[in-house]
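The structure appears below as structure tokens.
A, B, C, D, E and F are the chain letters, set down in written order, and residue numbers restart from 1 in every chain.
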Amino acid sequence: MSESKIERLISEDGIRCDGRKLDEIRPIKFQLGVLKNTDGSAYVEWGRTKILVGVMGPRESHPKHLALSDKARVEAYYRMASFSVEEWKSPAPSRREVELSKVIREALEPAIFVEFFPRTSIDIFIEVLQADGSTRCASISAASLALVDAGIPMRDLVASIAVGKVEGKLVLDVQDKEDKAGESDMPMAYMPSKNAVTLLQMDGQITHEEFLQSIELLKKGCMEVYKKQKEAIENHFKSAVSNGEEA
Amino acid sequence: MSESKIERLISEDGIRCDGRKLDEIRPIKFQLGVLKNTDGSAYVEWGRTKILVGVMGPRESHPKHLALSDKARVEAYYRMASFSVEEWKSPAPSRREVELSKVIREALEPAIFVEFFPRTSIDIFIEVLQADGSTRCASISAASLALVDAGIPMRDLVASIAVGKVEGKLVLDVQDKEDKAGESDMPMAYMPSKNAVTLLQMDGQITHEEFLQSIELLKKGCMEVYKKQKEAIENHFKSAVSNGEEA
Amino acid sequence: MSESKIERLISEDGIRCDGRKLDEIRPIKFQLGVLKNTDGSAYVEWGRTKILVGVMGPRESHPKHLALSDKARVEAYYRMASFSVEEWKSPAPSRREVELSKVIREALEPAIFVEFFPRTSIDIFIEVLQADGSTRCASISAASLALVDAGIPMRDLVASIAVGKVEGKLVLDVQDKEDKAGESDMPMAYMPSKNAVTLLQMDGQITHEEFLQSIELLKKGCMEVYKKQKEAIENHFKSAVSNGEEA
Amino acid sequence: MSQRIVPTVKRKQIIELSESGRRMDGRTLTDYRDITIQTGLVEKAEGSALVSIGGTKVVAGIKFEVGDPFPDIPNEGVMQVGAEFVPFASPEFEPGKPDEVAVELARVVDRGLRESKVLDTSKLCLIPGKKVWIVHVDVYILDHCGNLIDTAALAALSAMLSASMPEACIEGDAIRLTGKRMPMPITDIPINVTLAKIGNKLFVDPSFEEEEVLDCRFSVAFKENGMLCAIQKGESGYITPEEVLRAVEIAKDKSQEIRKKVVESLKLKSDKVGES
Amino acid sequence: MSQRIVPTVKRKQIIELSESGRRMDGRTLTDYRDITIQTGLVEKAEGSALVSIGGTKVVAGIKFEVGDPFPDIPNEGVMQVGAEFVPFASPEFEPGKPDEVAVELARVVDRGLRESKVLDTSKLCLIPGKKVWIVHVDVYILDHCGNLIDTAALAALSAMLSASMPEACIEGDAIRLTGKRMPMPITDIPINVTLAKIGNKLFVDPSFEEEEVLDCRFSVAFKENGMLCAIQKGESGYITPEEVLRAVEIAKDKSQEIRKKVVESLKLKSDKVGES
Amino acid sequence: MSQRIVPTVKRKQIIELSESGRRMDGRTLTDYRDITIQTGLVEKAEGSALVSIGGTKVVAGIKFEVGDPFPDIPNEGVMQVGAEFVPFASPEFEPGKPDEVAVELARVVDRGLRESKVLDTSKLCLIPGKKVWIVHVDVYILDHCGNLIDTAALAALSAMLSASMPEACIEGDAIRLTGKRMPMPITDIPINVTLAKIGNKLFVDPSFEEEEVLDCRFSVAFKENGMLCAIQKGESGYITPEEVLRAVEIAKDKSQEIRKKVVESLKLKSDKVGES
């Protein structure tokens, strides 16, 4: 918001401030099985956004009275490290972190066969080490992989990405600078094989036409993330096999 | 307190700033059965003071270990909406709200046949939408009606009103302006048919003689509130019958 | 810290600002059985430091799921009264109080035959009425006596004292003024008959040589405290017998 | 253990009925329940509104307070939106438990108002860089019979539209209130429309019983000029992209209908809003 | 489930004994237990007192702090009363659980002091409109054997009466403490008297076992000049108006008795108080 | 009831093995597990480090903030150390539960840094008496496989050693950041070494399974010049004075070994530190 508007975020030939094209996503690096004390884990570097996800479960619900008789109880905890953002952030969860925990849980739960694990809990802990835009998309995408790493049966991976409007143009995969200066932000989470949108939010102002274009762009972006997720899984299990150990 | 003392609150012929006589109560309008998701409810407009009360129960105590083996557990929650007072109020309960919740509960419990409902809870939720003095009296009086609306057997209605000392004179049913500028405030809750005082508090300074007079004035005031409570019940059940439905 | 360094805390002939020699402890007065509603209690005046300790237990653990199947659960709660220190202190427990509660518990638990009381709780409540240095040492020493007063079987008393470095010299039993101006503070808790150190902490900077000397000085100091503890127990039971009542 | 009686029978009924375009309470799939808007109930607040959609009842109040600006926008007032669940609004609300549902509600209402720039915060500066108006917009859920988001958003909006603000006079570093009132700098009338997806049908303005069996919730807010200014998908089911597009189409129509209702209820000159 | 063994047998005993004007511990119905007042225990506090009524023991401490005035009384100091239940005072107090009982206790003690204007807060202003003395009056319940309100009120009062305050020197906008002490601006000696109603009898200064079986509690505070300055009925029973009048008569007498005790204990020149 | 399966069998194994100077994971009693230090992971922080000792993993970050000094040291910056247990670090950590273990950890790390005067806070003053730099040092426990204290202390230290601070320009009462960076005023490299006492043996750098069966924990921090700057005994067992002396001897050696590792990893000119 304090960015001077004189600095252009998109050049005349449609190149963004970090050199990307309008519909180009940032470099994304997923890694599974990075933590020792979880049932499953994943790490993602998504541009400069860096996030660790750990999954505990299915395990006994605690406290017990919160257990559900017909399915697993899924909880997500999205937290930002105090040093992950420009200004030092108090470790107490903000209202933003509370809301994001909720929508992230709701984005992931439709992908999990929760009905296989009645009376248990599946806890998804997300720690944002560095936030540079699209942290909820990166969290959801990485959490899908952590769930896979935990061996939890899933309907499909959930891939997620955001479209923004910057200087009047729709751009894929907004980074922090674009988000703050931009006119809108629209993250989506998507299970491609189910054609299922599990998260959709929007802030800002867009026309109906831009909305329709955004949905298309989001589907394209999610497919690219999805591809990277699949590669990460493949690499993980390949290396596990070559190491002669269980992933 | 910031009221300028130059403005007189009582005229020379004993008329108060809102036109009332010294022992005259404000217009009071009770209404039963105003909420859909409670077991009983009531709304009161008491001058400009506006309060909603909802009763839940008797219902299973939660958490269970708080249940009592010989009677219902009664709880009252007195809360002021953030916009109910001059200055914006944080929604976190103040120490005043905690104390008022306690004395309101203690004012109502003697009227309830709690021994009929062992192991259950009766929760009385009070939301002050606008506070213009005597909110505890209005809360207690309205809560009595909400309990009736919930079909909870009562020994009697609890009627409540306050006497204040303003410019050296005792006045019945103090409003906010009189309370803040006044020398004392003395609310009482009373079950007429039992001759039972269930709440009595006093702030300020009064002589023994003024104390005796106050008690008389409070009894008179409570009888007037009591009459209005009975009318409200009658109207409520009458209209319920004429509508051919259960209240 | 705001103490002016011009004021010398130790005179040229090795006398401290309160008249003590370098290895001299302050006057200490222990008293057992000072509270009525506890299972055991003790009061200590240690120089100007004044502390009350109450012990509840062994009693049923609450909440139950915290009980341990093989031993008593010991908890210590170290709290400072709002008026016990120079600046008014909020009653909410500070991080310092939380840490001290932990190390005090860990200093006392090795002395208690916890294995005699599985499934129970022993709660040690410490209230610092006035803090003038070495409050953790005074708390541990007094809590030992409160445990004895509660009739809880102990391996030995725990005696505790601190050594500080002030103006380059090691001094025994630091008071507040010396602690704040001093270069280091090193409290120890010790069970003499077991040769067991149950608490040891250090702040500040000392050489290895000073460290070795400190340990010797601490052992000497603990023995003196231990003697006073034993005297207090003797006096207490003597007076109990002479009063013909149970202590 | 929490006993969730999954209301499968009711869900089946609701879906079957929806095949013929109807609902349990007689509405069509695109009907709202009755909407009532009453403003001015709380005279002590700068603005207030009691709004009901069907049995759902929400009161909103506006309070002004002098406060510090955010460092990065030193010359703008601050709008703060809060949502409280009064425990009598539903047997499920517990006293004093701040809940993720309340947080989400407050933030969705906030975004609907904020992103449409309904309030021109640049006109709420008192002493540049030092003191600005803090505008508290608090919604209290009084009765929960479904569709809290639309009801709360409408209550917050109506309270703002009906509010007046204190006139202040700056004398050096002192702020003096003249005691007079002036209109709020309102620039838009954003309307939020929520639909429930149940089976493969979309239900406008879901009732409490519909919410109990829904797959997911979809809310979208529109500005007067037809632009979208907020979207929120909720609950642990999914929606297809095609259903999203359909939901937005339906919501756009409904938003105009409700905006008309607001303008009539508050006797606004609709064309005047937007000028401020 | 909480096992409340209603002590009906004990209640019966207490009531029967009261018929002949006596109590379990040998007192008459209007006797206080022994009262002891020890001041100056906490030298670091500006004032302190350890007060016991029978086995009930409360320590109170006074601390001064420089702070901001309330906006509506910009030239007056602020008195803040807090009450803490030390968990060893009773098996029923849990650590760290802020409790409505503690809140009520603090507020009743506060009102007794505040409404009698015991402290002349107009003399606690440092820089008008900007800085004033905040006076913290904190009571800690050490041993609970009944009648906390009177014991806590007496401890708070005694601590205040025995306190001295720091002398401050104002140099421009800076506040410098001279290191000297001056007397507190005390203007009254309000005394709180509590009675329990059990059956149709009134018991002055109820013991713990009497409190377990009481119908209700009734507390009233008197100023030196005999005026009432605070009343609080407590607990979930009732009292008749006639009993209220009787209680006030009894309490008035007892308040004078206790005030005499305070004056003697603190070696106050009783006539000096009120001048300040 | 909490089911503590006391791992007596494992304890016996560990003690037996230690008789021949060996440990379950093949180490000798004085070996550390592998130590890795990676700095600069979090570019948005003024400094950061991801440190692992064996499987234990801790990330630390440094943030600068302009704030108020403490009244008693008005011309010095403030260092604040926090420790957070990320719940995925161990099945025993619960979300959002501030824990005495985390508090102790933060305070022990804090003392190791503070008492060695690692940061020259006198160089962090911006406007004397008014504004200073607040330096937040926060450690996040990511994976708990034993010896949190040493790992956290090393992460905090490495983050500080690798940090740069914003250059500020004071213009009257305004603080302007030039956008440039300057080195932190670091004056020492304190190293914390933790041993576990199990039976009558001391185990350097205890693993998680060793911690489960230990008698007590003993941590000591050394400055570059060999002085001790912090000690903390932990857990509910005891240690003899003789063992304490032995532990300090061992720790002294290990601290030099680890300091060398830090200097190499961060490519510090070891002799340069200490001048700043």
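Brief remarks on what is shown
Throughout what follows, contacts are C-beta pairs under 8 Å (C-beta built on N, C-alpha and C of every residue); 3 or more make two chains touch, one makes a residue touch a chain.
No experiment lies behind these values; they were computed from the predicted model shown.
Here the chain-to-chain distance from chain B to chain E, counted in touching steps, is 1. Considering every other chain in turn, none proves to be in contact with both chain C and chain E. Interface matching across C-F, A-F or C-E places the copy of B-E, with more than half of contact pairs shared by residue number, at C-F. Averaging Cα atoms per chain gives one point for each, and the point farthest from that of chain D is the centre of C. Averaging Cα coordinates per chain places chain A and chain E 58 Å apart. If you average the Cα atoms of chain A and of chain B, the two centres end up 52 Å apart.
Multi-chain contact residues of chain B (touching two or more other chains) are absent. Contacts between chains close into a ring here, every chain touching precisely two others. Traced around the ring of touching chains, beginning at chain B and stepping first to chain E, the chains run B, E, C, F, A, D. On chain D, the positions that touch chain B within their shared complex are 41-45, 48, 55, 57, 59, 61-65, 82, 84, 86-91, 95-96, 134, 136, 138, 140, 142-145. Residues of chain C that touch chain F in their complex: 1-2, 61, 64-70, 74, 95-96, 98-99, 101-103, 105-106, 109-110, 119, 184, 186, 191, 194-208, 211-212, 215, 219. Chain contact summary for the complex, chain C toward chain E: residues 35-38, 41, 48, 50, 52-56, 59, 77, 79, 81-88, 91, 93, 123, 125, 127, 129-132. The touching residues of chain D, when paired with chain A in their complex, are 1-4, 6, 72-73, 100-101, 103-104, 106-107, 111, 115-116, 216, 218, 220, 223, 226-241, 244-245, 248, 252.
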